Amino acid sequence: MQPSVAVIMGSASDRDVVAPAVAVLDEFGVARQWRVLSAHRTPDATATFVRQAEAEGVRVFLCAAGGAAHLPGVVAALTVRPVIGLPVRGASLGGLDSLLSIVQMPPGVPVATVGVDAARNAGLLAVAILALGDEELDARLRQFRARQAERVLSSGQDLEHPATGGARG
Amino acid sequence: MQPSVAVIMGSASDRDVVAPAVAVLDEFGVARQWRVLSAHRTPDATATFVRQAEAEGVRVFLCAAGGAAHLPGVVAALTVRPVIGLPVRGASLGGLDSLLSIVQMPPGVPVATVGVDAARNAGLLAVAILALGDEELDARLRQFRARQAERVLSSGQDLEHPATGGARG
Amino acid sequence: MQPSVAVIMGSASDRDVVAPAVAVLDEFGVARQWRVLSAHRTPDATATFVRQAEAEGVRVFLCAAGGAAHLPGVVAALTVRPVIGLPVRGASLGGLDSLLSIVQMPPGVPVATVGVDAARNAGLLAVAILALGDEELDARLRQFRARQAERVLSSGQDLEHPATGGARG
Amino acid sequence: MQPSVAVIMGSASDRDVVAPAVAVLDEFGVARQWRVLSAHRTPDATATFVRQAEAEGVRVFLCAAGGAAHLPGVVAALTVRPVIGLPVRGASLGGLDSLLSIVQMPPGVPVATVGVDAARNAGLLAVAILALGDEELDARLRQFRARQAERVLSSGQDLEHPATGGARG
Amino acid sequence: MQPSVAVIMGSASDRDVVAPAVAVLDEFGVARQWRVLSAHRTPDATATFVRQAEAEGVRVFLCAAGGAAHLPGVVAALTVRPVIGLPVRGASLGGLDSLLSIVQMPPGVPVATVGVDAARNAGLLAVAILALGDEELDARLRQFRARQAERVLSSGQDLEHPATGGARG
Amino acid sequence: MQPSVAVIMGSASDRDVVAPAVAVLDEFGVARQWRVLSAHRTPDATATFVRQAEAEGVRVFLCAAGGAAHLPGVVAALTVRPVIGLPVRGASLGGLDSLLSIVQMPPGVPVATVGVDAARNAGLLAVAILALGDEELDARLRQFRARQAERVLSSGQDLEHPATGGARG
Amino acid sequence: MQPSVAVIMGSASDRDVVAPAVAVLDEFGVARQWRVLSAHRTPDATATFVRQAEAEGVRVFLCAAGGAAHLPGVVAALTVRPVIGLPVRGASLGGLDSLLSIVQMPPGVPVATVGVDAARNAGLLAVAILALGDEELDARLRQFRARQAERVLSSGQDLEHPATGGARG
Amino acid sequence: MQPSVAVIMGSASDRDVVAPAVAVLDEFGVARQWRVLSAHRTPDATATFVRQAEAEGVRVFLCAAGGAAHLPGVVAALTVRPVIGLPVRGASLGGLDSLLSIVQMPPGVPVATVGVDAARNAGLLAVAILALGDEELDARLRQFRARQAERVLSSGQDLEHPATGGARG
């Protein structure tokens, strides 16, 4: 099956941060591939991959990078497909550098940015975009939301336990 | 024709900032509507509108807000459709408040965030998402990109003018 | 006894950060309840709870959230009761994101914001508000302040110990 | 009539920023007084005023200051009444200095902080606190919220005008 | 001997951060005392101490505090003596909150601010101020500077070791 | 008369920002000189001046600079006299760059930093330091503080005017 | 004459900010060219230009961009020649976004970054690099530095004028 | 062999952060020396070293410093050679202080700044500058870039392993 989503990260060291995005796609049964491609260290391979991927049917690009995080923007320059940018927090500056490097794109080439290290949300955004043209995926997304709401509500049950919380007075 | 995109802003005072997003949608021939709805001042009207809009076929929500900019996240909580968040700069803090209030969403409910006051990019992101299922729109987006590249390149012609720039030495 | 304060947190993972707020309320004998409700993952349950809680006599809402921390603002949109917002620090950005997401509310719907992770102060602010209409609570608050001053002053006694501090020369 | 709210600002130059807070109190018929008192330039007058004001029945203190904005915290140290802190933006640092100087209070002495230059919200927060013990004020606050919602919704009517906005396509 | 410097910290928990300031004063033979006094939790004891200390001959106040760090400014409001402010880093915001809360004082009441957690420099600044009127102290400060320069230069000797650094090529 | 204070600024363009510091010294009758000397563009002239000034009896250096504001630190490296650092706000970054460049000095060489553009406070800090060894100056400083308190209190009189403020209700 | 420096800006709207860099190169007689090329809107033209420019003898690239400023990094990925990055301040965030987007490059591909809007310094850095292999340019740079020092020193003459500054007392 | 690069750090405690810069120079066979010299604690030794080093043929200065990081700027004031500034992250403020203290140099004296703790890039920038006049070094730099690209691409191979990543669907 052709991948619908290409997950690209700027460095193999970001793998653990990016993994939840891939896990979400797998949970939803979205065909995907993931690659390490650097906007700065492998500019030609990046351009070749993005153009070929678009030609072969990739519909959403999900790009993670840290620091002066150019990968999402560089990919967005090479394709008209929606590009999701995932800022990765580095050792300094708390992720503000990667967030601003991704979100503040110039007019004409947007990147759909999610929160710092928010890989799970990056995956879910890809799902939401693809669900526009896929009724089954749309149904799965609605079920996911409902289950998620249940999990939040049930997670508060323990608080009601006399020893730890709940109504008192 | 049914609107494909609902543009919502938290305050009528944001209208001029948001207008380029609407202009982009119009340029691309994307049916849209725009509304002033406040996550905080009209929570019920917001919920009613979002749910009805989704039911009636809105495919992308584009939400602009400033300060503690909750509107995009609140809308994202009410729909499974992709929500684009447009941070609006206020008088203080340079727009950092609205950017962080929009992009740093908790796991489970993503918002596709664009740059501060980047209304044009918000509109283009909506177009890119819709173009996945609309060949004509896809073609227009490719033409737009090509024309945009030409405009950038021609904008540099003046620099070459002897009096102001160009190769010298 | 009817709870006077509803403590709501956006995620069960914030429980340890929020616990000191609940502990303060218990120390002062203020009836309270606490719940996990997410502005984004359980918007309907949040609205239902807040409106019912206000109807049943809750006088102050104390809401804790991190990241794009919308919970306090969303609750404030649903009630005229005072809402105390407690920003919770996440892994990135040092809590600046949650602080700005809570404090920078638009005109018309204020949130009484305390410091990042300042759960104890959130609880004390609720006590101070309730003490306006409760003489016994007012007296307890005055005693608390007096004891607190004594504790600060006595905590400096060790500094005077020859080995570690005190006047020298 | 005894003032219920004391509005204090650190410098007469902040008067225009603070005025909307006073205007809100007047709109709601809340008795108030306002004073210029500086935590740093008039520490004794500040202490004298706060203690006397509390003794004479002031129920809420609303304190505005910029820069290293100590006034709200200094007042909070002198009274058990709720203190609302209003950060005023200065020429540099976009108001971040006054916001952090007010909101990041140490454990034991909270300040209920509103947004930078958010005088109107400071006034509304005072109203919400006082409305807990005043049914008439509570009713006025509910009416205010309802009218506010109407104003937001009607402010969007113009957008629907063919020339400028509304559904198209 | 009368203390020349009063070292005041807002919380006993800041003791380890402040200790190097006291150590510097002891190294230089400057008589000093140190106290825990909180601008917010013990406002009266703070005022009493500062006024009495000034009356008894304290010439420099060195005040350490974190978060909304008001102590240095509050002390500066109570004395005409030079006040040195030492910002202490808290768990969130990297010390920016305490730095801004101390340094951005309003016109009329300055605080001589040093770097975040820079207790040693706070002590040295007190020494430099006192040395203006004390030739022996002035001589000791010059010796300290000379020894410090030697230590820096000799600390680089290891780099020259073949295995780890030095000139190569 | 020998100058007691040397006021140095990194660029003649900072003159208007620095002028209030000089004005304060003149008001207090403190002998001073001011110079334009750049840590980066005139390093030798800076070193020569500072060493000669110290030798000739300058007791306090007051140094203003913007951007990567090295002047105060560079001067502090050349003298044991107290150095007051005055951060000047530039067009970008709101003065945060100059503030951090001045205040975050390494251990061993402190700079007494005041707020961004806070020239008046820089002058007053110099006065407070010099007043330690000058009873007349000390008296003038106390008078200044008293007059300042009066000015603040009287500045609030207008607020009490029926049309604009004061107690109502 | 072959250009030694290629000045590239991401948008023609940055022309006035970039012009001082070109002016410096002209003052020093360094052959240069300047172009508008966007990393995002004209990725192919950018790559073609950079590779051809390097082949034709360009020795230093000077790249200016604002917002998510990728141009310097993208150029650095395409050439081994030194790339100077000039961050341009946008309407929001005070230039912090462009600074971080340029300076925080990943390991392996450096960009020599200068200050926000510091076009003159960008030009001077290019001159300093080229002067390493050009004795005449080296001599001119030394003359420039000497004249610059004189200008700074003479700019302070006015201060000495009795009416406005100079030694007094 | 004469060193081409002088690596200077402000404190021996920065040695581990700086070491990768020296390692890069060694990998490329660039003759270098490294020294501990403090702009603030050893201003004279710094000036003597820089001027002598330039006279003896050092072509690039690479300076690392943290906090109010003046070393690179101070060195740049003493030489016309290119100066590379390496900001070192301290315990507070995430390195923003050292970055701004280095990059925001005043007009006339640039510093070529790299990212926070980006020692490897500082070394590579020195190599790129020196390679302009050294064909062998230029060749080595091109080989390095090619090998680096290969390493990035091969680092992504593991992702393709069925258990952990790769195309699926």
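To keep things simple, chains are lettered A, B, C, D, E, F, G and H as they appear, and every chain counts its residues starting from 1.
Keep this in mind: contacts are C-beta pairs under 8 Å (C-beta built on N, C-alpha and C of every residue); 3 or more make two chains touch, one makes a residue touch a chain.
These figures come from a predicted structure and were not determined experimentally.
Enquirer: When every step has to jump to a touching chain, what is the lowest number of steps that links subunit A to subunit H?
Expert: The fewest steps needed to get from subunit A to subunit H is 1.
Enquirer: Touching both subunit A and subunit D, which chains are there?
Expert: B, C
Enquirer: Looking at subunit B with subunit C, do both copies bring the same residues to the contact (over half shared) or different ones?
Expert: Subunit B vs subunit C: same; shared/all numbers exceeds half.
Enquirer: Farthest from subunit A by Cα centre, which chain is it? Let me know.
Expert: Result for max centroid distance from subunit A is chain F.
Enquirer: So, comparing C-alpha centroids, which chain is the farthest one from subunit G?
Expert: C
Enquirer: Taking the mean of the CA coordinates per chain, how far is subunit A from subunit G in Å?
Expert: 35
Enquirer: Find the geometric centre of each of subunit B and subunit E from their Cα atoms only, then give the gap between the two centres in Å, rounded to an integer.
Expert: Measuring from centre to centre gives 50 Å for this pair.
Enquirer: I'd like the Å distance between the centres of subunit A and subunit C, where a centre is the mean of that chain's Cα atoms.
Expert: 33
Enquirer: Which parts of subunit H, given as residue numbers and ranges, touch two or more other chains?
Expert: 11, 38, 41, 67-68, 93-94, 96, 103-105, 108-109, 111, 115-116, 145, 148, in rising order.
Enquirer: Which pairs of chains touch one another in this structure?
Expert: By the stated definition, chains touch in these pairs: A-B, A-C, A-G, A-H, B-C, B-D, B-G, C-D, C-E, D-E, D-F, E-F, E-H, F-G, F-H, G-H.
Enquirer: Touching subunit F in the complex: which residues of subunit G?
Expert: The touching residues are 89, 94-96, 115-117, 145, 148-149, 152-153, 155-156, 158-159, 165-169.
Enquirer: Help me check something: in the complex, which residues belonging to subunit A touch subunit H?
Expert: 1-4, 11-12, 15, 22, 26, 29-38, 41-42, 45, 67-68, 91-94
Enquirer: Could you list, by residue number, the parts of subunit G that touch subunit A in their complex?
Expert: Contact set of subunit G toward subunit A: 10-11, 38-41, 43, 47, 66-70, 73-74, 76-78, 90, 93, 96-98, 100-106, 108-109, 111.
Enquirer: Tell me, which parts of subunit B touch subunit A in their complex?
Expert: 59-60, 80-82, 84, 99, 103-105, 107-116, 118, 120-122, 124-125, 128-133, 138, 141-142, 145, 148
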